[in-house]
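Structures for review follow.
Here come two complexes built around chain A, the first alongside chain B, the second alongside chain C.
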Partner chain A sequence: MRKLGAAAAGLAVLLVGVPWAIAATGRDDLYYTLTSVALLSIASAGVWLTFFIGRINIGQGAYALIGGYVAAILVVDYGLSFWLTLPLAGLFCAAASILIGLPILRLRGVYFAMVTLVLTEVVRLLALALPITNGASGMVNIPLPGAIRLFGITIVPDFAKLRHPHLAFYIVSVLLMALCFGGLYRLVHSRVGKLCRSLQQNEELASSIGVDIAWLRVLAYAVSSFLGGVGGAVFEAISQSIYPSSFTVTDSVNFMLNCFLGGLGYVFGPMIGTFVLYFGWDLLFQTGEYQLLIYSTLLIALMLFLPNGLLSLLPVARQSET
Partner chain B sequence: MEQVVANGVYLGAQYALIALGLTLIFSLMNVLNFAHGQMYVLGGFITYLVYGRLGLPFVLALFASGATLAIVGALVEKLLFRSVIRRSLREESTMLLAAAIAFFLDAVILLLFGEKERGVPKIVNGVFISDALIMPYDRILIGALALAFILSFMLFMQYSKPGRAMRALAQDRVAAQLMGVRVDRYSMIGFALGAMLAGVVGGMLVVITGVNSGIGGPISIKAFMMVMIGGAGVVGGAIAGGFILGMMESVGLSVLHAYGDITYLVIFTALMVFLSLRPQGLMGKPWG
Partner chain C sequence: MTDLLKVSGLTKRFGGLIAVNDVSFAVQEGEIVSIIGPNGAGKSTVFKLVSSFLKPSVGEVRLRGERISGLAPHIVARQGVVRTFQETTVFKGMTVRDNVIIAHHLRARAGLPGFYLGSSAARRDEVEFARSADEILEFLGLG
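And now, the complex of A and B:
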């Protein structure tokens, strides 16, 4: 109950407090940054889930790209509503990840990591080569999300007619993020979650006492890719464009770094990690040409002094390590 | 056809050297060195500096590249990886460290050498021409040099005392320690050696293709692929992987040329299919 209260309070701060603070200070540009953090943390949450079953996933950029393209193609070529394409993009990614995952989830350790890294490149090259994705010039001028009406009542207004589409996207992203991490928390603390944890420790042992490891890891990978696809689809809607270079190997590596930085043992690690990494990078922008140097030095220092992630600083979290 | 094969062998020799360094580091420390491509680029720039700008002999430049990278590698292992491996709960944490080092080297290279593409004067002029084959002499020389390095590396690993110690470490860390191998010391030597190989290849290739600060990441990915084809942590596998990738690239570029820029798409897809059939690569132990 206390946890539920804390979550509700956190959500209230994000949905009411942050817009109020932004309106008071007039820093409208922060909406875009915060929206990006929310969306990237959704994709990172997927990567975290694959870490949870003991796999290093450097392929989330592939699914984010697929999700973005699926949503874009459905909206532009087939005229579907954005709100419908959002789950469809996620489901498409999940289906693709089951096909891809069945063979490659047999790999472990660095082998899996390297195959997923290559997967990111494959999808980027596919996006360049396929006719439907319009090659290197990408897809641009994708319409903004339309309205949702139910029995004549407007539930979600048309984004194109809003005065502050940035605020609307921010709220959508925060809600999605809350949904994603709430679901992830439930999943990790459910029976399936405990079984997943047994995979992380020892797959053979888990298998020998009757855990269906093949099914579990495909399931976890599909959920992970679903989150990647949804994140990519919303990203595409905000920028109203998608290119083969929208999500590359660097993004895949960053998704993984977000998880590491927050701490692999904590469900909310990817959220904290994404926030710190993204804002840290933005803040360092003022240092000009030394941006990358300072950023990477800080990363190395963090790794030296906090090798188990930022959240390992919390005394409470240390007791209930997951 | 002969031309394609010759190009493949030449490319493969370079690639195999890069993959050897990566696989050596992996087999000793279980670390996937994300910064390998950046080490290669750094080696290239040092040769550019010593040979291209200062005008000193090429051999000296190559030596400088190798020595600098060996020092960098030794420091990285001693100061960074060793302590993180000791204190981290999960061994994957080294990947974050490796990625951060890759960013760091990228930044250093960019600050020191700028973003321009850099080339150096040819070491030998002229082109070898026969009925079936056209090959510049400098490529032949660099290819032969690379083959010589591969051979001497294998002999070193097989017959020297440090080589034996490192092979023992790769086989079983605890057992090697119990037999009196100084684990820390040979981990450092191994890391330095792996980094040195990357630097030497960088120095050799700057003569042919030039070097720029952005190619580190793509080189790392190629190195990962070679290691995967051959099997991670196996010397023979890295060499085989290097030659196979070099050959596929050479054949792909000439055969698939008509269909546009899809060589790498085909190679990547083939690799994923191959790995799902044979997860440990050609010669690797299952599960690395």
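And now, the complex of A and C:
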């Protein structure tokens, strides 16, 4: 009950407090930044889940790109509603990840990491080469999400007719993020989470107590890729465009860094990590040419002195680890 | 009387090395059988083959007449052939109690979706595992 209260309070701050503060200060540009953080943290949560079963995933950019393209193609070429393409993009990514994951999840450590690293590049090249993705010029002028009506009542208004589509996207992204982290929290704290952790620590021992390790691995990877696809699909809807370079290897690496920075041992690590990394990079913009140098030095220092992530600084978090 | 476990013509080659060469034996119900031999004789490999962690190059393992070699290890474990490890092998990142609780997985009646959503079968399993784990730890003086 206390946890539910804390979650409700957090949501209230994000959905009421933040828009109020933005309206008061007139910093409308923050909507785009915060929406990005929410969406990137969803994709990072997926990476975190693969870490949780003991795999280093540097390929989430691939699924974000696939998700973005699937949603774009379904909206533009098939005229589906964006709201329908959102879960479809996630499911498509999950299906693709099952096919890819079945062979590559047998690899461990650096070998798995290397294959996933290549994956992002493969998807980028595919997007350049396939006729349906329109090559390097990408897909542009994708219509904004339409309305959702049920029995004649408008539940979600048409985004194109809104005066503040930024605010609408912000609310959608925060709700999706809440859903994602709520689901992840439940997973980690249920027996499924314990089984995932057993996988992370010793796959042979896990299979000797009757855990279907191959299935659990693929399942976790599919959920992870689903989240990547959903994140990519909303991104595409906001920018109303998608290019082969929308998600690159750099993004894949960043998704992983977000998890490291927030803390691999904490469900909310990827959320905090994404927030700090995104805003940290923006704040360092003032330093001009030294931006990358300072940023990298800080990251190295953080990993050296805080190997368990930023959340390990909180005494409360330590008690209720993960 | 049929054999509970029957190992016939078991052979395992790793490249050019023959680790296990034509091993056959049978175990009756209630019987305790041990395998002895010097270092490098292939005892561990035999156990890995019986518990299906390795696939035999030649030969097969049958449990109650059913062939189990070639099946995934977790399926063989669910049928009752469970191995232990040579060196103490535990999940180091978990508490002792969590280790004992998770080792009850073979008795789980609920599936993964059930455990995720907290179905009544899953909740019964959890209560049962926790009680049984406490009993075991109490018995061992670790409670």
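The rule we apply is simple: the second predicted complex is superposed on the first by the 321 of 322 C-alpha atoms of A that agree within 3 Å, B and C clash if a C-alpha of one lies under 4 Å from a C-alpha of the other, contacts with A are read in each partner's own complex, and residues count from 1 in each chain.
As a working rule, contacts are C-beta pairs under 8 Å (C-beta built on N, C-alpha and C of every residue); 3 or more make two chains touch, one makes a residue touch a chain.
Because the structure is a prediction, the values reported are computed rather than measured.
Chemist: Please indicate which partner A:L49 is in contact with in the superposed arrangement: first for chain B, second for chain C, both, or neither.
Modeler: A:L49 sits against neither chain B nor chain C.
Chemist: Please indicate which partner A:N202 is in contact with in the superposed arrangement: first for chain B, second for chain C, both, or neither.
Modeler: Second partner only, chain C.
Chemist: By the touch definition at the top of the document, which applies to A:V192: first (chain B), second (chain C), both, or neither?
Modeler: A:V192 contacts chain C only, not chain B.
Chemist: Touching A:V249, do we find chain B (first), chain C (second), both, or neither?
Modeler: The answer is first: A:V249 touches chain B but not chain C.
Chemist: Is A:I213 touching the first partner chain B, the second partner chain C, both, or neither of them?
Modeler: The second partner, chain C, only.
Chemist: Touching A:V118, do we find chain B (first), chain C (second), both, or neither?
Modeler: first
Chemist: Looking at the overlay, what does A:L39 touch: chain B (first), chain C (second), both, or neither?
Modeler: neither
Chemist: Where on chain A do the contacts from chain B and from chain C line up?
Modeler: In chain A, nothing is touched by chain B and also by chain C.
Chemist: Spell out the residues on chain A that touch chain B in their complex, using ranges where they run on.
Modeler: 51, 56, 100, 103-104, 106-111, 113-115, 117-119, 121-122, 125-126, 128-129, 249-250, 253, 256-257, 260-261, 264-265, 289-290, 292-293, 295-297, 299-300, 303-304, 307-308
Chemist: In the complex of these two chains, what residues of chain A are touching chain C?
Modeler: Counting only chain A, the residues touching chain C are 186-187, 190-192, 194-195, 197-198, 200-202, 204-205, 207-214, 216, 219.
Chemist: In the complex of these two chains, what residues of chain C are touching chain A?
Modeler: Chain C reaches chain A through residues 51, 53, 72-75, 77-78, 82-85, 89-94, 98, 101-103, 105-106, 108, 112, 115-116, 118, 122, 125-126.
Chemist: Can you tell me which positions in chain B touch chain A when the two form their complex?
Modeler: Going through chain B, the ones touching chain A are 26, 32, 34, 80, 83-84, 87-90, 92-93, 95-97, 99-101, 103-104, 106-108, 110-111, 217, 221, 224-225, 227-228, 232, 260-262, 264-265, 268-269, 271-272, 275-277, 279-281, 287-288.
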